[in-house]
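Multiple structures follow.
Each of the next two complexes has chain A plus one more chain, namely chain B in the first and chain C in the second.
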Partner chain A sequence: MSSNWEYAPAPESRDIANLKPAYRMFVDGKFVEGSGEPLKTVNPATEEVLAEVGTASAADVDNAVKAARRAYDRIWGRMPGAERAKYIFRIARLIQERARELAVLESLDNGKPIRESRDVDVPTAAAHFFYHAGWADKLGYAGFGPDPRPLGVAGQVIPWNFPLLMAAWKIAPALACGNTVVLKPAETTPLTALVLAEICQQADLPPGVVNILPGAGDVGSELVNHAGVDKVAFTGSTEVGKLIQRSLAGSGKKMTMELGGKAANIVFDDAPLDQAVEGIVNGIFFNQGHVCCAGSRLLVQESIADELLDKLRYRVSTLRVGDSLDKNTDVGAINSRAQLEKIQELAAAGDAEGAQRWTSPVPVPEKGFFFAPTVFSDVQQSMRIAREEIFGPVLSVLTFRTPDEAVAKANNTPYGLSAGIWTEKGSRILWAAQRMRAGVVWANTFNRFDPTAPFGGYQESGFGREGGRAGLEAYLDV
Partner chain B sequence: MSAPSTTELSEVTRDDASLRRFLHGLPGVDQVGVEQRAATLGTRSIKKASKLQAIDTAISMVDLTTLEGADTPGKVRTLTAKARRPDPEYAEVPHVGAVCVYPDLVATAVAGVGDSGVGVASVATAFPSGRSNLAVKLADTELAVEAGATEIDMVIDRGAFLSGRYGQVYEEIVAVKAACGDAHLKVILETGELSTYDNVRRASWLALLAGGDFIKTSTGKVSPAATLPVTHVMLQAVRDWRDRTGELRGVKPAGGIRTTKDAIRYLVAVHEVAGPEWLTPKLFRFGASSLLNDLLMQRRTQLEGHYSGPDYVTVD
Partner chain C sequence: MSDRISVAKTYKLYIGGAFPRSESGRSYPVNDSRGGFLANASQGSRKDARDAVAAARKAFPGWSGATAYNRGQVLYRVAELLEGRREQFVAEVAASEGTKRGESIVDAAIDRWVWYAGWTDKVASVFGASNPVAGPYFSFSVPEPTGVVAVLAPQASSLLGLVSVVAPVIATGNTCVVVASQDRPLPAITLSEVLATSDVPGGVVNVLTGRTAEIAPWLAAHADVNALDLTGAPEAIKADLERAAAGTVKRLVRSGRGEPDWAREPDVSRLRAVLETKTVWHPMGV
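Take a look at the complex of A and B:
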């Protein structure tokens, strides 16, 4: 069969998603009609409308915040940690039980490959609930005093790139610390958060502890500005993050912001090359590059640049692009037409500014929002594709001559969310990691997430940490 | 390693010191990374026509092996009959790549395979430990070649390799290759005893430099035998070799591959790590015995739409 072994389609059944024609918002323990304009959520791999989703109005936001306040005052805020833990553990187990359903639904709504939603998003979401459930009765030992108190009602706004996982990152620590939650999922990906709401019901979580309000930016704005919200947690673009900070300045609300990034993946000449190639691929093509901590700038030592790029191009050409539900798909659909246009615009800027574009020869479906994996070489620091977040499967390759130059170039960005260092030399890893102005530094790996590891940024990538002991601070009155 | 040439490569084998510098100058292998990649690639889901195609390819790549003290001419004849016609009820099933036996049974195997096109591979060089002197190893090889073996599976001297005497390992492989004549040489690295992926990469290059036609993971007598990450490292080596020299060399994982599912995972690795041109018995083999029957059972399942069971394939 030499040379022509085509993998037959291996689609996961979409029936597993239990897709319903209409979804409603979740307030005070019940699914209710929202009085906002309903939105239609689309499968970006086929452009088909998946479901109609009710959205919240200003009055709905007010109701939800009041429900969260009641639940906080009467039940959740005063419940012993060991009791809260039982609910959170139950949610974690229910996520595991409904893992396939959540994975298929996530891939349908978001466009990401089923392999990733199945092996990364859903298991990591469950892991976040398990991890934080463990903290609920041990907060006195977290280093924030003998009896740290919760903040109250948390208003949380999350992005479309990891819809369920981001909901878990936000809700699990908030609940573990004794807060109640009003969460707004992204406009284009509301479905798995609403299934998570179902799971909260199944887990008998007291009404009002978790409220989910689908809608667009106006709902998010209404929520974070609501006077009854004590804490705001936002993950999304730097632009919107700045707007929120401006409008909340002086309000006394506690904030955490997890914003954009333009991470450098630095490959030194003594790196394990084949694994570095894997790390580069995982850094920028994981989740179609819709990752705020994506390794979107490759900094490679000049002496190995040609060899590494040859290996990288071969490897990237083996990435399979297409149907999100096919188990063999490596790169799925771009989440929306708007995002696809943004990627196309920035890639065109790369051409115009003189970078060398290489596009994977892989076949790309005609229907749906797709962008073939792309590598720009001969990229200079001054080009837009080296400075601006593309948030797509586009890698910019720059070279360096010395370790000092690598560090200087890596840090030369207004962002500072993550960085990668590839070398077989342990001392160089420590040397470089100390000098990186980035919240997360990966050594000889990239895009690995664990609930025990704090995640967050420097500068325009935001502030505050999520995950680990440090992440608890954001939801405690300390 | 950019813009390399074969003249450069002949330089590196000039003496022990050059060889050492070259092998230790190869890029390292990150254990976590290679295992992660192997695990991810292991989740490929191969269905329907692509599965049937994979099964037939895998059958044609099997080196049907018996390497026991209890081997007899009778056992070998049974094996060769199976090798020629793996499934008597389905004539279109390809024959296997080769049968693999000890040198004293090569003549029986040669008579058994006849003109079917099935190769006869013989282990040699004081298999499996390789603990003897060069004269004995060469005599062992010659015995097999004279009896008609078309492929020789030699073992490297792991003791010499681990104590850093790369030149000695190299010279031995070169000498055995010369003794092989027209027979193809597979060089068994016994990766289970080399222990690190860096060592596997170095030993792979050493064997390729010395002229091995195939690099093979294991004897099957040491645990662990073949693993997916080790095979990844070896596939990267033959791919890098091709990129440097233009020559295609083969890889043979052996030991511990028992199911169709396992075999397909290996084929996916061949397809995506080395490249589609390696998907031929000329460049990839499985050292296995029980794997063949599982492939045949799965093949029937694909065609007949239901499982039949172990009594519907021949036990040999």
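Take a look at the complex of A and C:
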């Protein structure tokens, strides 16, 4: 029998996204014209313009912060937790009800596969609101004293890799703790955050409690440096995180930084190999590798390296790259041309420094921003592809001989966001987990996220946690 | 004015997701606070109690094994349905308790349900711990539901009190057999109807109506009941019930003499009361 079993296209309809030609910023409960230069947001899988989006000027930032302050002083900051909870539950439910629309819109704007936005991003965003709604009237039990108080107005800047989910991670705990919010979505992915604004309206959330200001880095800078902002939460690159931390020096503002990573995914010789291969693939190719906690450095015990790499290359070659709205797509589009160029540049550095490049033979669309899954072997710790965050579907493979060497190599990074451990031996998992200088350690799994489980980094991967009991601290005056 | 004759409701037991009459065939009249006839309620028997315990036990693996997130969603959905039946509850509470504060009582009951719905996925992080033991071990303690809880519901507060004792039991993953307020059982049966049309699996909550003093001893002595909430127990038999409960070392939930003030903000004592702590040890080392 021939092996001509082709996938038939299974596209999700883009009509479901309910895409509008123009989107406006959301301030004080209303959608208003921004006085910044409008931006055009693009579908990275086709390079077509999706919509024009109004952006904020410095004056708009000021208005939004003032609206947030009024809402905090007059309503939200004084409202009993049980009442705040009900608003946040409503938001959770509305996200669930509009899940399909949000998923398609997210895939259009971001380029990620519809299966992922449908099964991960949107449901996890709803879960985040649901979980934090429950905290709003239980903060006295969170371990920060009997009656912890909110901080005030939170200025939040989020990245383009999980646009809606990151908005949820930021807004849900802030509101639950009694703060009001001014949030800037990423320049290339503003759409789902603006639908979330619509959801806030539908939930009858009091005006000014949530404000959404699209724009580029300059808007983010205005926002975090605004004197009326009490709390700054940033998710993005370590480079920008350092800039923000520096510019806020002496301001007394409380900060949370969720920055870059270069996670080690350690595979010991007794690991269940097929399971490990799935985890490695998920660790680096999930969301095109646009994941701050991606398992981008694979550390394999030398004795099993050849066998594992053979299995890995075979498995990676089966990943389908292409149309983000096709339910058969495993790896979608790179979010922007700039990001694609950065990935290409770092991959070229891998070649130049002597690593062995293997690229999946998968067909890649001619239009749009795509990068075929790539695995570098013979990688040395000194190479750029072992040190720098690529933020793309590129895996660097290094080897080790002893567990101590694995730990030393894993920790040989200024980052410290996540790590993976693969072994059948429980005691070794716990031994290695204890030694990882990283905020999240996955054992025999990877890239698991849950609102109940705190997430965040050590060292230059940032500080503060999101999710769980620990995550509440970021939005409380404690 | 319409002269239509209304359709009167038959109030029955709630066992394993179904609404049977008492196997004993007995019923008893339920009156309003001024002595006027409201309805006949089923008068549950020893066998009804045993059926209810069997149903609760059968439902326990599924309910306790559901994720905390799922339980939270299911319980929050119950609050949504309670809100939809608000007027019916207000009328029944007003009739049963002879109060003019029916609306605020029902509001408080719905909010109480939401409060407990929000606890499902927080119990483990508030009551659990990792234990820094002095050795190469990873040790952690997790709270787990104790099992089947027999709940003698408050006699006076027919809805708010009832919600306050039932919600914490199921939020933590337990299943229960509830003996409703003897003289004010109607809100409990209506609550069962809400539960039956919600996503709470049959058997997670079972509701018996009848004489508390008749049913309670069988539950207190039942070997497949793990905990006993004595809140609505008649003072005269409380000590006897505790003695019977000792036969299988049941956990006891005791409130002082008289009924607590249910309108007060709750604390976590009712959650803790129905939780076990499980400590797990695992060696650490290459």
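We adopt the following convention: the second predicted complex is superposed on the first by the 476 of 478 C-alpha atoms of A that agree within 3 Å, B and C clash if a C-alpha of one lies under 4 Å from a C-alpha of the other, contacts with A are read in each partner's own complex, and residues count from 1 in each chain.
One rule holds in what follows: a residue touches a chain if its C-beta (ideal position, glycine included) is under 8 Å from a C-beta of that chain, and two chains touch if they have at least 3 such contacts.
Predicted model, so just to flag it, every value in this text is computed and none were measured.
Steric overlap between chain B and chain C is absent once the structures are superposed on chain A; the two fit side by side. When the two structures are aligned on the shared chain, A:Thr452 is found in touch with chain C, with no touch to chain B. When the two complexes are laid over each other on chain A, the CA centres of chain B and chain C sit 70 degrees apart as seen from the CA centre of chain A, to the nearest 10. Once the two complexes are laid over each other on the shared chain, residue contacts for A:Trp431 go to chain C alone; chain B is not touched. Residue contacts after overlaying the shared chain place A:Ala85 against chain C, while chain B stays out of touching range. Of the two partner chains, neither chain B nor chain C is touched by A:Arg401.
Touch criterion met: A:Ala271 reaches chain B, while chain C stays clear of it.
Closest C-alpha contact of chain B with chain C, superposed model: 15 Å. Across the interface of their complex, chain A is touched by residues 68-69, 72-73, 76, 111, 114-115, 117-122, 124-126, 138, 268, 282-286 of chain C. Remark: chain A residues 82, 85-86, 89, 127, 130-131, 133-138, 141-143, 403, 426-428, 430-431, 434, 450-452, 468-469 touch chain C in the complex. On the chain A side of its complex with chain B, the touching residues are 1-10, 115, 119, 270-275, 278-279, 304, 306-307, 310, 318, 327-328, 424, 444-445. Across the complex, chain A is touched by residues 1-2, 27-30, 32-34, 36-37, 40, 43-51, 53-54, 56-57, 236, 243, 267, 271-272, 276-277, 279-280 of chain B.
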